[in-house]
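Here the chain labels run A, B and C in written order, and each chain numbers its own residues starting at 1.
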Amino acid sequence: MGFLTYLINGLSLGSIYAIIALGYTMVYGIAKMLNFAHGDVIMIGSYAVFMTMANSGLPAVVSIIIAIVICTALGVIIEKIAYKPLRKATNLAVLITAIGVSYFLQNMALLIFGSNPIVFKSVINWKGITVAGLTISGITIITIVTCIIIMLVLTWFVKNTKPGQAMRAVSEDKDAASLMGINVNATISLTFAIGSGLAAIAGALYCSAYPTLTPYTGSMPGIKAFTAAVFGGIGSIPGALIGGLLLGVIEILGKAYISSQLSDAIVFIVLIIVLLVKPAGILGKTIHEKV
Amino acid sequence: MKLLKNVTAPTQKLIRTVAAVVLVYILMEILIAAGCISSLIQGLLVPVCTYSIAAVALNLCVGYLGELSLGHAGFMCLGAFASAYFSKLTADTIPDVPRFILALIIGTAVAALFGFLIAIPVLRLKGDYLAIVTLAFGEIIKNVMNVIYVGKDSVGLHFSMKDQLSLGMSVDGKMIINGAQGITGTPRQSTFTVGVVLLILALIITSNFVNSRTGRAVKAIRDNRIAAETVGLPVSKYKLIAFTLSAAIAGVAGVLYSHSLNSLTATTNNFGYNMSIMILVYVVLGGIGNFSGGIIATTVLLLLPELLRGMADYRMLIYSIVLIALMIFNWSPDVQKWKAVNGLTLDGIKARFSKNKEVQ
Amino acid sequence: MKKKLFSLMLVASMTATLFAGCGSAESATEGAATTEADATTEAVEGSWKIGGIGPMTGAAAVYGNAVMNAAQIAADEINAAGGINGYQVAFNAQDDEHDQQKSVNAYNTLKDWGAHAILGTVTTAPCIAVAAEANNDRVFMLTPSASSPDVNVTNGYDNVYQVCFSDPNQGTASADYIADNAIGTKVGIIYNSSDAYSTGIMTTFVAEATAKGLDFVDPEAFTSDSNQDFSTQLTKLQSEGCDVIFLPTYYQENSLILNQANSMGYAPIFFGVDGMDGILSLEGFDTSLAEGVYLLTPFAADAQDELTKNFVAKYQEKYGETPNQFAADAYDAMYIYKAALEDANLTPDASAAEVCEALVGNMSTLSVDGLTGTAMKWSTDGTVSKAPKAVIIKDGVYVSAE
């Protein structure tokens, strides 16, 4: 009984990690960069939903669509200004710029929205279902379903559409892709647009589950989702879902059965063990080195 | 100058860097004595040394070993706590100078030991996976530090990982490490002089290391691991040595940090991934593999938010914009091309000046 | 090569800024005061300079901003009423990002500015670091909210006084209140194991609870890195049968805990400390969740006395938010400075060290009325004699639980 409750709690938390990890893994898979600002785009998305829904009284679906538009635009602008000039520089340079962007978004939000936390109004009013005394909340079910839908759509998109195939080509080899007539810059911009749009959805769901919103809301889930993405094999879209769910379950079970003080340490220890056994994550491809 | 010609190029570079550090040190001391330096700048001297050492440590790992570590703040944390623990424990029994030297050795040794232990599994991984595992270790260290309770009473030392009460100390007991409240009242012995001496030591050690036989092997492994393996280099051993040394130097930075502040706690800001990333920023901005560049970048980025204090609410916003701009200015291929065309490179400027001289 | 050029340029600019420090002290002071337009009153010739230190950016920004806003309101009021001993007050707020090192930097900035005394720092660990410096320099500190005894008593810093009550004070009072009033039969605790404030109160609570024979289960922890999901801690306490949960944590986390307990259908009595204050004015918070919550607080934003009403109205007008107890403590702190400086009969000609000696001498003789207590008195170790009072939330307002 206790165990099942913990397991469901773990899945709730994990589904949130998973939906953030999807955006992370998408950008990493194509552009090969760790976008540390992803968590902060999520925060902006949450504020956008809050502003349009709670303050302007728009229905949830409309406000999420507005947030998606805002985040997509934001993602494309960030990519154009901060990342594109460094496309040919070392990966580390882009990583550092991403950190600069992350600070920028946090401090911008601090100036606009202030430091006081806001209690987010849930976009989902469904209480959930109860089976044999165990309640699975509506937000958990909807998050998991959303994750699966996004995962399927993304997989289909990358496999079967022209822009998707261009993305895969860019991911394999940028130079070869451009020789094949693929517009590498446009493709990477598209990747950022999709990743940031997903961040808006993730933000709405994240803040519905854990309803305090501050300018720093995005940073920790960002790191956790990064961990989840690595867990599942960074770059792998189904891996993000599996990694996210596993991370959530491990965190909750660790807290419940080992030590609530050391829950962060437990999560990271499990991560290290997984990576030592499967050095590219659970579903990651091991790239063989050319001699 | 003739003297310089007899030594190798890397040594010349080291001598120049050390000379520059010494020069800045002497200049600062003179200005302080003359009362020209504000308290703010004086207060920043030790942090600049601390993070410069940390940047040197990480530069060894990123620039020469070629592995991205996001956990160096964790090694700083270990060095800081181990040395502060020792200093606090023996504050009444050992005189100042030998105690600090012992604390330094202990802090460095503990960081090196953990660096060694962590390197064994970590270095089996590659690229971003290695980065995330070092980040994970850094977070584990921080998390564990927050639940360590050590107290001392007439009976002896008490240790717990639960809370203060489970130590079962008698009334005269004194907390040494108090969980999240950390260590309070470490003797403050990190002066600017100590910081500069340690920075110079770190520079000499790393510079000698990267130009030694082992260091050259490490560079060979970085550039082509398979080729290095083929010629029979024990790859794992060399990587292990370099990573351990890097962790040990980060430990030195930790010792300097803990002895410059009265209150030592392990938070996300000072020993979490945030700080690891900040140290990486210093390294990348200063130039990967360039020790002196790292020191300059550290100085700039530490002073920048302080000098921006006048901007009040916009301070951190401007800081982030400057950070992005610096990165683009320093790394973007387009900007570099533009600078070359307009003669704004060092060579270009030198050429311009020498021409002027000829005319005169 | 480009990097070298870049480094050279930077070195040049750094040197320039270093020498900028060599300018006359006067011009430096003016610069600091005028650029801080947002948070500072213009420092006119011969005015009192009070420096504030606290987190204004970063995750703890909400506490620092509350303190700086309220201190500024108090300074404006004092100035409008003729100042302290006839001299105007300039307040200069410096950000420390809730970090020890940055806090010392902020302190040094204020020292360069020529601060007579420090109002801060807001959070505990940075306060200990700054206290060591200030004790060395003989600069007086009055912290509105750093509640650990480590900031003064344990380390013997005679120059650091507190406006808030201390951690041991709160932990003990909470345990006593729960035991004496038989609030519940079994107590659960959820605390932040990575936060000095929270662990400090938890420790003293557990000590007193043990002494009182209170039935409590092992404290459950969370860390600042995972402070969103409390379902596990709550499930554990629920299965242990706890009917009271003690929360020595801040209202941000508490609002999540209340929310999650509610959605689990778990309804124990929640008992918070002063960090709980502020939960009712949280934007968008469903106050019915906080119904029946006990907390220890020195301040209630909806109290009906003139002083509170005036302060809350001014704060809302200026910043569009309802002030919390951090703000109230800071407002009091500024008035405590007024009382102490007037009692010592000082003028701004006095150096920081002279102010420090005078206030260390007279703080224990003062009795100040403020928002957070009437007739506040201090002992010579710097702690305030404010008895933590328990209130209960009924219909969205605080009601005395005595």
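Here is the rule we go by: contacts are C-beta pairs under 8 Å (C-beta built on N, C-alpha and C of every residue); 3 or more make two chains touch, one makes a residue touch a chain.
Quick caveat, the model's predicted, so the values are computed rather than measured.
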Review point. If each chain is a node and each touching pair an edge, is that a line, ring, star, complete or other?
Key: complete
Practice item. Tell me which chain's centre, taken as the mean of its C-alpha atoms, is farthest from subunit A. Key: C
Point to revise | Top chain pair, ranked by how many C-beta pairs fall in contact | key: B-C
Revision key, fill the gap. Cα centre of subunit B to Cα centre of subunit C, whole Å, reads 32
Check your understanding: From the C-alpha centre of subunit A to that of subunit C, how far is it in Å?
Key -> 35
**Study point:** subunit B residues counted as touching two or more neighbouring chains
**Key:** 139, 143, 146-147, 313, 316, 330
Point to revise | Multi-chain contact sites of subunit A, meaning residues that touch two or more partners | key: 107, 110, 261, 264
**Study point:** For subunit C, residues that touch 2 or more chains besides their own
**Key:** 56-58, 193, 221, 223, 225
Point to revise | Residue numbers on subunit A that touch subunit C, as the complex places them | key: 2, 5-6, 9, 12-13, 50, 54, 107, 110, 114-121, 135, 137, 210-212, 214-216, 220-221, 224, 251-252, 255-256, 259-261, 263-264
Practice item. Please name which positions on subunit B make contact with subunit A in the complex. Key: 62, 68, 121, 124-126, 128-129, 131-133, 135-137, 139-140, 143-144, 146-147, 161-162, 226, 273, 277, 280-281, 284-285, 288, 313-314, 316-317, 319-321, 323-324, 327-328, 330-335
Check your understanding: Mind pulling up the subunit C residues that touch subunit B in the complex?
Key -> 1-8, 10-11, 14, 17-19, 21-22, 28, 31-32, 35-39, 56-58, 94-95, 97-101, 104-109, 111-112, 124-126, 128-129, 131-133, 148, 150, 154-155, 192-196, 198-200, 202-203, 206-207, 210, 219, 221, 223-225
Check your understanding: Touching subunit C in the complex: which residues of subunit B?
Key -> 31, 36-44, 47, 139, 143, 146-147, 163-165, 178-182, 184-185, 188, 257, 260-270, 272, 286-287, 290, 292-293, 296, 299-300, 303, 306-307, 309-313, 315-316, 329-330, 336, 339-340, 344-347, 349
Exercise for review: Would you mind writing out the residues of subunit A in touch with subunit B in their complex?
Suggested key: 28, 34, 36, 81-82, 85-86, 88-90, 92-93, 95-97, 99-101, 103-104, 106-108, 110-111, 223, 226-227, 230, 234, 261-262, 264-265, 268-269, 271-272, 275-276, 279-281, 289, 291
